[in-house]
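Each chain gets a letter, A, B, C and D, in the order it is written, and its residues are counted from 1.
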Amino acid sequence: MEPNKQENWKIKLHEVIYEADTPSGKLFDILLLIFILLSIILVMLESVVSIDEKYHQLLYVGEWVVTILFSIEYILRIISVKKPFKYIFSSLGIIDFLSTIPMYLSFIFVGSQALVTLRALRLLRVFRILKLARYLGASNHLKASLVASRVKIMVFLFAVMITSIIFGTIMYLVEGEANGFDNIPKSVYWCVVTLTTVGFGDIAPQTPLGQFITTFIMILGYGIIAVPTGIVSAEYVRTSQKEDAENKGLKNKGYDPYKNPDDNITIQLNSQHCSNCFVSDHRDNSEYCYNCGNELHPKKS
Amino acid sequence: MEPNKQENWKIKLHEVIYEADTPSGKLFDILLLIFILLSIILVMLESVVSIDEKYHQLLYVGEWVVTILFSIEYILRIISVKKPFKYIFSSLGIIDFLSTIPMYLSFIFVGSQALVTLRALRLLRVFRILKLARYLGASNHLKASLVASRVKIMVFLFAVMITSIIFGTIMYLVEGEANGFDNIPKSVYWCVVTLTTVGFGDIAPQTPLGQFITTFIMILGYGIIAVPTGIVSAEYVRTSQKEDAENKGLKNKGYDPYKNPDDNITIQLNSQHCSNCFVSDHRDNSEYCYNCGNELHPKKS
Amino acid sequence: MEPNKQENWKIKLHEVIYEADTPSGKLFDILLLIFILLSIILVMLESVVSIDEKYHQLLYVGEWVVTILFSIEYILRIISVKKPFKYIFSSLGIIDFLSTIPMYLSFIFVGSQALVTLRALRLLRVFRILKLARYLGASNHLKASLVASRVKIMVFLFAVMITSIIFGTIMYLVEGEANGFDNIPKSVYWCVVTLTTVGFGDIAPQTPLGQFITTFIMILGYGIIAVPTGIVSAEYVRTSQKEDAENKGLKNKGYDPYKNPDDNITIQLNSQHCSNCFVSDHRDNSEYCYNCGNELHPKKS
Amino acid sequence: MEPNKQENWKIKLHEVIYEADTPSGKLFDILLLIFILLSIILVMLESVVSIDEKYHQLLYVGEWVVTILFSIEYILRIISVKKPFKYIFSSLGIIDFLSTIPMYLSFIFVGSQALVTLRALRLLRVFRILKLARYLGASNHLKASLVASRVKIMVFLFAVMITSIIFGTIMYLVEGEANGFDNIPKSVYWCVVTLTTVGFGDIAPQTPLGQFITTFIMILGYGIIAVPTGIVSAEYVRTSQKEDAENKGLKNKGYDPYKNPDDNITIQLNSQHCSNCFVSDHRDNSEYCYNCGNELHPKKS
């Protein structure tokens, strides 16, 4: 199947926007990273009254520049993929969309503060560019150990919540409104502040009995902090030992069908995204997507 | 022994209330969970003055609804078991009882604030429904590592207490009443606040010497926080490695008499509770309680 | 060598005071524990102005009772050992002496506050009675892992101190006297408070630049807290694995000359102290001290 | 090549200044350590207004004494090495230079506060004397585990920053200027303070919704603190196990060409620095630098 001229143009665009292996793709990613960080700094500076008063016009223009560039990028992203709706409703697509619209929405919802949060979401876009998934992929241990200890951590957090509610109620009765423990929800909030060793000190026990109970809560929190750490490190040790053992096992067998002989650590992957199904991390020189069979048009090296 | 009609009714009731395998048992558990959470939220909202002033009547009615439902449930629980006294004096039975009575007690002890704590105890009932024991059973490692390091943690906490009392006394002498270190107990409380890295800041050293000693205490606390974490993670690693080794050993032998051949991880257990001795976690399709020999009336599947 | 009558009396006394295996020895230890805790509570209560005003006379009498009992005990301890000077200048002997003298010294140094600290040292005596050494002996891992990571922890703490001094100086220049960073020592103190995540908040950065540097310090502290914990747990894992391996090795050889055949975990030790050299932890039924060869007079069982 | 007289003098000087094996070398190091600590204490005391007012003259003289001594030492260091420029532009050389000049610069930049920081840098010189590199070399595990988990820790810190910016923005909207969350940068600062469990309390949420979100942030921070600790300890366990295995492997082979037979732990190194290339940690009795082949003139033992 020979792609026609228009399709050829789309493929080029796809390469620039979605891949980071070609010089133009790299340049695009670096420019995008700069604009994302710029847009975050704009949001932050705008919230500082003294700066906003002085440079309001400049910040406003900057915000529009970012918005327009993001709009163009969003449209190009839709054009350059085969199944635009799949992109639009993917999590990355939704983040891209929400990052773009705040300024347009500001015409409809005049002066809405909530749009600031929407603009802060732009930060999530950084993940796309830094190809953090690759790095995180390198730290499979971390993910595996978090998943393995998920249930335990949940049971644990649940226990923390119950402890907080019971001790929060007790402290509310002991200290009372006069000492800042106005009601049970606030008292529970204080208890979490104490158990997690944050200790703001905006509310603090004043009565001797309250201080005695607090001593108990803190030592409890001291012991509790050991549990999630212990779980994560133990799971982490376990996962990495298992992997070490597996690597050893494969070596002993002397044959590893998934291993590139030129690279005794990992298969060479590139940053291509399939223009049909958005799957990335294809093997270098792949001609077809491993997930949907779509032609990949690898760059000639 | 053919159970007569009345007993049959009791068995049905037992199934609904104590088990979670049948649709009616599941529905009962979900409803109970909702009412427990509702009762906790009621207790919390009641303590917020602004909410209590507006909706006092509503909260009062809600509290009575919860109390009456809990009362009915408590009576049904007593009726549906063979040995009611065993249930009444079991830890679960006592929590159920204490969760039910606060509103009745409010007639006797008018305006007693302590009843709020009693009502907060209802939260402990959540454990019953979530069958957390099952999850915790899945994390035997956690329990085993906590038990294995119990003595060490106790010795450790004892050392923390002694450190706090000695440094608390020194800080009381150095800083004195003028800087908030009113007396030794308060000074010891401050020392625990510092050692555990909570640091409220309601009391803080003001003299240069006091700040110097505090620097020492904090760095000590910094080193100390490493110890319980280290103990728990090491024990956890040890326990999980031992289990891994045992699993391997059994596999090597190729025979595991306690393993259900249809399930290569655990024996299939269900949520039945024996109506005679309250033991749970019977094997599926068990006809008799493994603990007391009482007939179990498993559901036909 | 038949001990004469006087020596026999001494041996009995030694048994009561230094050992915990006989009923009278146990009773002595329990009584001593009660008096030590009582004396600590007395010191604490005396520092609370409102309590001291009301019960001054009672506390004063209580203090004298404790002092006289400790004096008698101290004299008996000296009498009942063969080499009194060895006891007097042992660390336990010095603590016993310092715990006894504060009230006598109060005649010489009238109103000296420092004596309170001396009285707080009595708490250290608790270790003697609880025979914590035994428990700690059970946690040899802990000690071994702390010793093994001693140098690393010291290098680490030294690095923390240098970081604190450098950042403390920077924060003093950035924030200045106006925002509570009065001078470099106070600024260094604040830096340790922040790095250890204690965060009292009595001093806090007010300028944007100061808050930016603080953010950096906190994230640094966040990473730093991982290091001592990691060191201790890793050493702990290593030590316990080594011990496991050694135990396995002995079992494989099928012979363990130091193992009591009736007890497959430890040799049965008792709480006897040799009256000549103060060594404890003799094997049950030992006739002579393993350290100095002195006769032990074991109780007939 | 017989060194002539002048060179002989240089070699002696090099031995005294750069090495710590001879009595004169040790004395030099101890004196230098004292002067460095003295200079740090001078910087600190000068910043305390009450002390500076009283003893300004004394501190000023002390500062000049330290400066002159450091100047002499710096010149001697340049003279006694073969390639002075290599020393001057090495990191140690730059620190030595910056430690020396503040007083001279004070004539040019009169009253410049920034010079205080420059003087605080003197503390870094301590590392040179304590030969900490040696100790740190002993804790290769630590370094290896930090390097191994570098990428993971960076990804992790990046995630912390993103979490802080998003929650900081939300808290700014929820709490607003009235409750101390003046602008987004300050709000992000507060969020890092909370996530790292520092919790100064200079800014604290006042609205119920803000306190609810804070509870969530704190529990998140509680879970997050487990991750870097887990990573470091697991890597540390892994590295130390690998090394144990390697040591074992070498023993099994029964031959270790790099092991001194008289010392079954490490090769005997001394504190000599090559006067040509500054490499240290030469093997005892080495005649030539292992790095550049320069003659070392070992002391006769």
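Miscellaneous remarks
As a convention for this text, contacts are C-beta pairs under 8 Å (C-beta built on N, C-alpha and C of every residue); 3 or more make two chains touch, one makes a residue touch a chain.
Predicted model, so just to flag it, every value in this text is computed and none were measured.
Most remote from chain C, judged by the distance between CA-atom centroids, is A. After Cα superposition, the angle needed to carry chain A onto chain D is 90 degrees, rounded to a multiple of 5.
Chain C and chain D, compared by their mean Cα positions, are separated by 33 Å. Distance between chain A and chain C, defined via averaged C-alpha coordinates, is recorded as 47 Å. Multi-chain contact residues, meaning those touching two or more other chains, occur in chain A at positions 185, 188, 197-201, 225, 229-231, 233, 237. The residues of chain C lying in touch with chain A in their complex are 197-201, 229-230, 233, 237. Chain C meets chain B in the complex at residues 40, 43-44, 47-49, 113-114, 116-117, 120-121, 123-124, 126, 132, 135-136, 138-139, 141-142, 145-146, 153, 157, 160, 185-186, 188-189, 192-193, 196-202, 225, 228-229, 231-233, 235-237, 240-241, 244.
By the touch criterion stated above, chain C contacts chain D in their complex at residues 151-152, 155, 158, 162, 165-166, 169-170, 172-173, 177, 182-185, 187-188, 194, 197-201, 204, 208, 211-212, 214-215, 218-219, 221-223, 225-227, 229-231, 233-234, 237-238.
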